[in-house]
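Two complexes follow with subunit A in common, the first pairing it with subunit B and the second with subunit C.
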Partner chain A sequence: MTLLSQGAEARVFKTSFGLKEVCIVKERFRKTYRHPVLDEKLSKRRTILEARCLVRAKKCGIDAPAVYLVDPVKSLIYMEFVEGETMKAFFNRELNDHAKRNEISTKIGTSLAKLHNADVVHGDLTTSNMMLRAGTESVVFIDFGLSFVSNLTEDKAVDLYVLERALASTHPQSHVLLDAILASYFKDVKDSKQVLKKLEDVRLRGRKRDQTG
Partner chain B sequence: MENITQIPVPSLFNPYDPNAASTETPAEAKNGHPSVFYALLFQNVSNAKELKAKVIAGDPELPQCVMVNPALVLSSFQLQTACSRAYMNQAQNNMKTKTILSEILFSLSPSLNIAESMKLFGLSDNSNSIFVLVPSADDASVDETTINKLKNLVQGDLSPAHSFSDLTDLKLLKKVYKLNDAVDQSNTVLEDLIVGGIATKGFL
Partner chain C sequence: MPTSPSIIALGMESSANKIGVGIMAHNPVTNTSTVLANVRRTYVTPPGTGFLPKDTAKHHRSKVIELVKEALKVANLKVQDISCICFTKGPGMGGPLHVSALIARTLSLLWNIPLIGVNHCIGHIEMGRMITGAQNPVVLYVSGGNTQVIAYAEKRYQIFGETLDIAIGNCLDRFARIIGLSNDPSPGYNIEQCAKKGKKFVELPYTVKGMDMSFSGILAHLESTTKQTLKEYTIEDLCFSLQENLFAMLVEVTERAMAHVGAREVLIVGGVGCNERLQEMMGMMVKQRGGHLFATDESFCIDNGLMIAQAGLLQFKTGYVTPLKDTWCTQRFRTDSVLVTWRD
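Take a look at the complex of A and B:
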């Protein structure tokens, strides 16, 4: 058993799980500042929602880690260990292969449209929360820790905006990546006009907020 | 024992944190359950009705085992996750059925209805083939006595090692696990969805 990552909300371990030689166990840990009973309830609910969103995402045809076991009492999700690199690492490595960057960005948009068409809002779209599966080069969405189910275009637009901001702060030439992602996203997403309109609203609000600080 | 497939039941994860207030150590977290189930496949079974009656009556002649309908089993990992889920329920005093063996069968099923689950995933009067899951002995070895008892009880052929998906009724499986609307119908994704369903069953 090894500790892969220690985030603000969760610890991610790599271990084995019977027939699976490798497995990820994600532990949402307790917030000591919260009332223990409330905290337990929230952790439990959040763990279950994360697992359900992972399964729902897979059902709608996008690639996400398979869920093996959910332990709401200990706030654990046992899931598939995805072999590959994070999207962040990939984009940073392939700085000059524009065709490749474009190809993968297009895949991200297509997958995201599928996710939104199934009313799953990811909630934390960053290039650290996507992976590129080794071998198949499929785009894998991970970390559904803030995900929820919603059919509101507003929620989908905010999801896109979060991604837009994350790209801008993480990657040089982010607009090239973003353009390719959005082009394929809007080609496939349901109610694309409304989502686009909402995205423009959300951007405007974001800019206003930035100005007034 | 080349005709017996092993289904490991891993111990549940315990993130050991030396700074945590908990006094639980990895040693204490060791699995309090069999570490392996042995899956025997009987084919051309002629006495399913009689066996089912024994299961229902809790006949003491019948050794500790779970009898599963192979039509609804796609892979050994599916069986592993159902076992893990059942033992987790047991450890957390959260079983929905009376015994760990029925809890394994119930865990396999996506339905929350116990009777319906038993009917779908267990034996039926006219079952022609049966998977029998036998818990390992304390030292994880094959429990020979149990296996010999089963060979005497089940009128049918103990089949050699096989691929689980050979006996799957895909159409029925997809209906039962509600997988017809899954976008990707490859066996890998179907398995992932089945396992995900077992893992999240009953959690809202």
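Take a look at the complex of A and C:
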């Protein structure tokens, strides 16, 4: 097993699984700062929810890693190894190819609408958690560690808001990317008017667009 | 710009229940800052109550002049030694904010000294950086009015994550009201002391959405269940559990921001940043990632005039002065709306 990365939630290893020569093992490791009861509850719940949401997304035709095996006791998920680059790397590399950036942003919006139409809320939409599959240039959603199933427009709006903030804090000219993502998203998402209204509410709530001390 | 070897800033802070005056000297040659004075008073209300803007402002008005005099005396300075007067422009509570803005304006006109309007949040960050020596940290800013995960990028303090509703300090303060804890010296401090005696863990809602958090659900849950819970658990158990739950959320989102930007340092600022358990939990996470944690003590964590002086100094050094017509203050002032001209 080779350690590929250590995120905030888990360690990701590259290994083999059965007939699959290459696969990913995601291991939620013990967080020493968390109370043991809380840590166990979160790890178990998130492992199960992640696997469920990955399978649900896949069933609905969304490009996401295929799940091979889940071990909720050890907090392990064996899944498909996706060849490609993160969206963060892509956007930072293609700074001047506006047409390409726009094309991929549109794809993200369409895929995200599909995800939300399947009532899957990703929970951690950043450009580090999306990939461009090598060869097909399909948008792959990864790291469903905070995902859950919900049909509430509120949850979908917060999901969009998380993406909006992540783009603003990571990418120059983020508003251009966001406009393209949202345009294609609202074209395809169910109850688009309600989701848009909720997104505006979330932006204005408490400390969003403004901030009270 | 002053030609004397040291630039000396007088800073005033009154955005919430603290009124503070601080004096900071900066040597442009060595690029070092020195603390000359840091005096402060707190408006404390009876247990079970919060502080209202009108009453808080009244308290601040009664203290501000004596604090300016005290700061000058502690620093052993005359009015003529001051290079600029800095005040909190926002964010904060309207009434209290006006106190330091009005006094700063008056002194500026009386003494013919330039004015600098400072963002309160940036005051905390720059004070933290100066005191700890942190270079480019992910900043966790936690106080009664704010909960933000911040990192510097492209001349801005970008907000990576924040509360979706109420601030963590507000959640703690309101819980202290539910259980009738004293506000002296502060509700958060008293919860911290109670939590040290807690043994049993009470499960509470845990709401993290990406790098954002929500605390209102936890508070609503506590408001409706505390009476019942106290039949089985102690107040100490509840304080302990609330801290463990809330701080785990903070550490988690900070870790997510660290992973996202590839940072090695974390700086905790704001009033809640004084909490030793929060510092301990954050320290564990940072150590696990091979990084370094920076935090300050209560004299710099809690709102103070010195942090406003420090942030104002940095702006003044780059040639920024707030024209008199723009010395209004505002309750709403985003951290990421300030152009950070003093950093590369």
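Just so it is clear, the second predicted complex is superposed on the first by the 198 of 213 C-alpha atoms of A that agree within 3 Å, B and C clash if a C-alpha of one lies under 4 Å from a C-alpha of the other, contacts with A are read in each partner's own complex, and residues count from 1 in each chain.
We take it that a residue touches a chain if its C-beta (ideal position, glycine included) is under 8 Å from a C-beta of that chain, and two chains touch if they have at least 3 such contacts.
All figures in this text were calculated on a predicted structure; none of them were measured in a lab.
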item: Contacts of A:Gly7 with subunit B and subunit C, given as first, second, both or neither; value: second
item: Contacts of A:Asp124 with subunit B and subunit C, given as first, second, both or neither; value: second
item: Touching partner for A:Ala99 - first (subunit B), second (subunit C), both, neither; value: neither
item: Partner chain in contact with A:Gly18 - subunit B first, subunit C second, else both or neither; value: first
item: Which of subunit B and subunit C A:Leu146 touches, first, second, both or neither; value: second
item: Partner chain(s) touched by A:Leu38 [first = subunit B, second = subunit C, both, neither]; value: second
item: Common interface residues of subunit A - those touching subunit B in one complex and subunit C in the other; value: none
item: List of subunit B residues in touch with subunit A within their complex; value: 7-10, 12-13, 15, 76-77, 80-81, 84-85, 88, 92, 181-184, 189, 191-193, 195-197, 199-200, 203-204
item: Subunit A-touching residues of subunit C, taken from the complex the two chains share; value: 15-16, 90-93, 97, 120-121, 145-148, 151, 153-154, 158-167, 201, 203, 206, 208-212, 244-245, 248, 251-252, 255-256, 258-261, 280-282, 284-285, 288-289, 331-336
item: Touching residues on subunit A, where the partner in the complex is subunit B; value: 1, 11, 13, 15-20, 25, 27, 48, 51-52, 54-55, 58-61, 66-74, 76, 78, 80, 114
item: In the complex, subunit A residues that touch subunit C; value: 6-9, 31-35, 37-38, 41-42, 123-126, 128, 146, 158-159, 161-162, 165-166, 168-170, 172, 202, 205-213
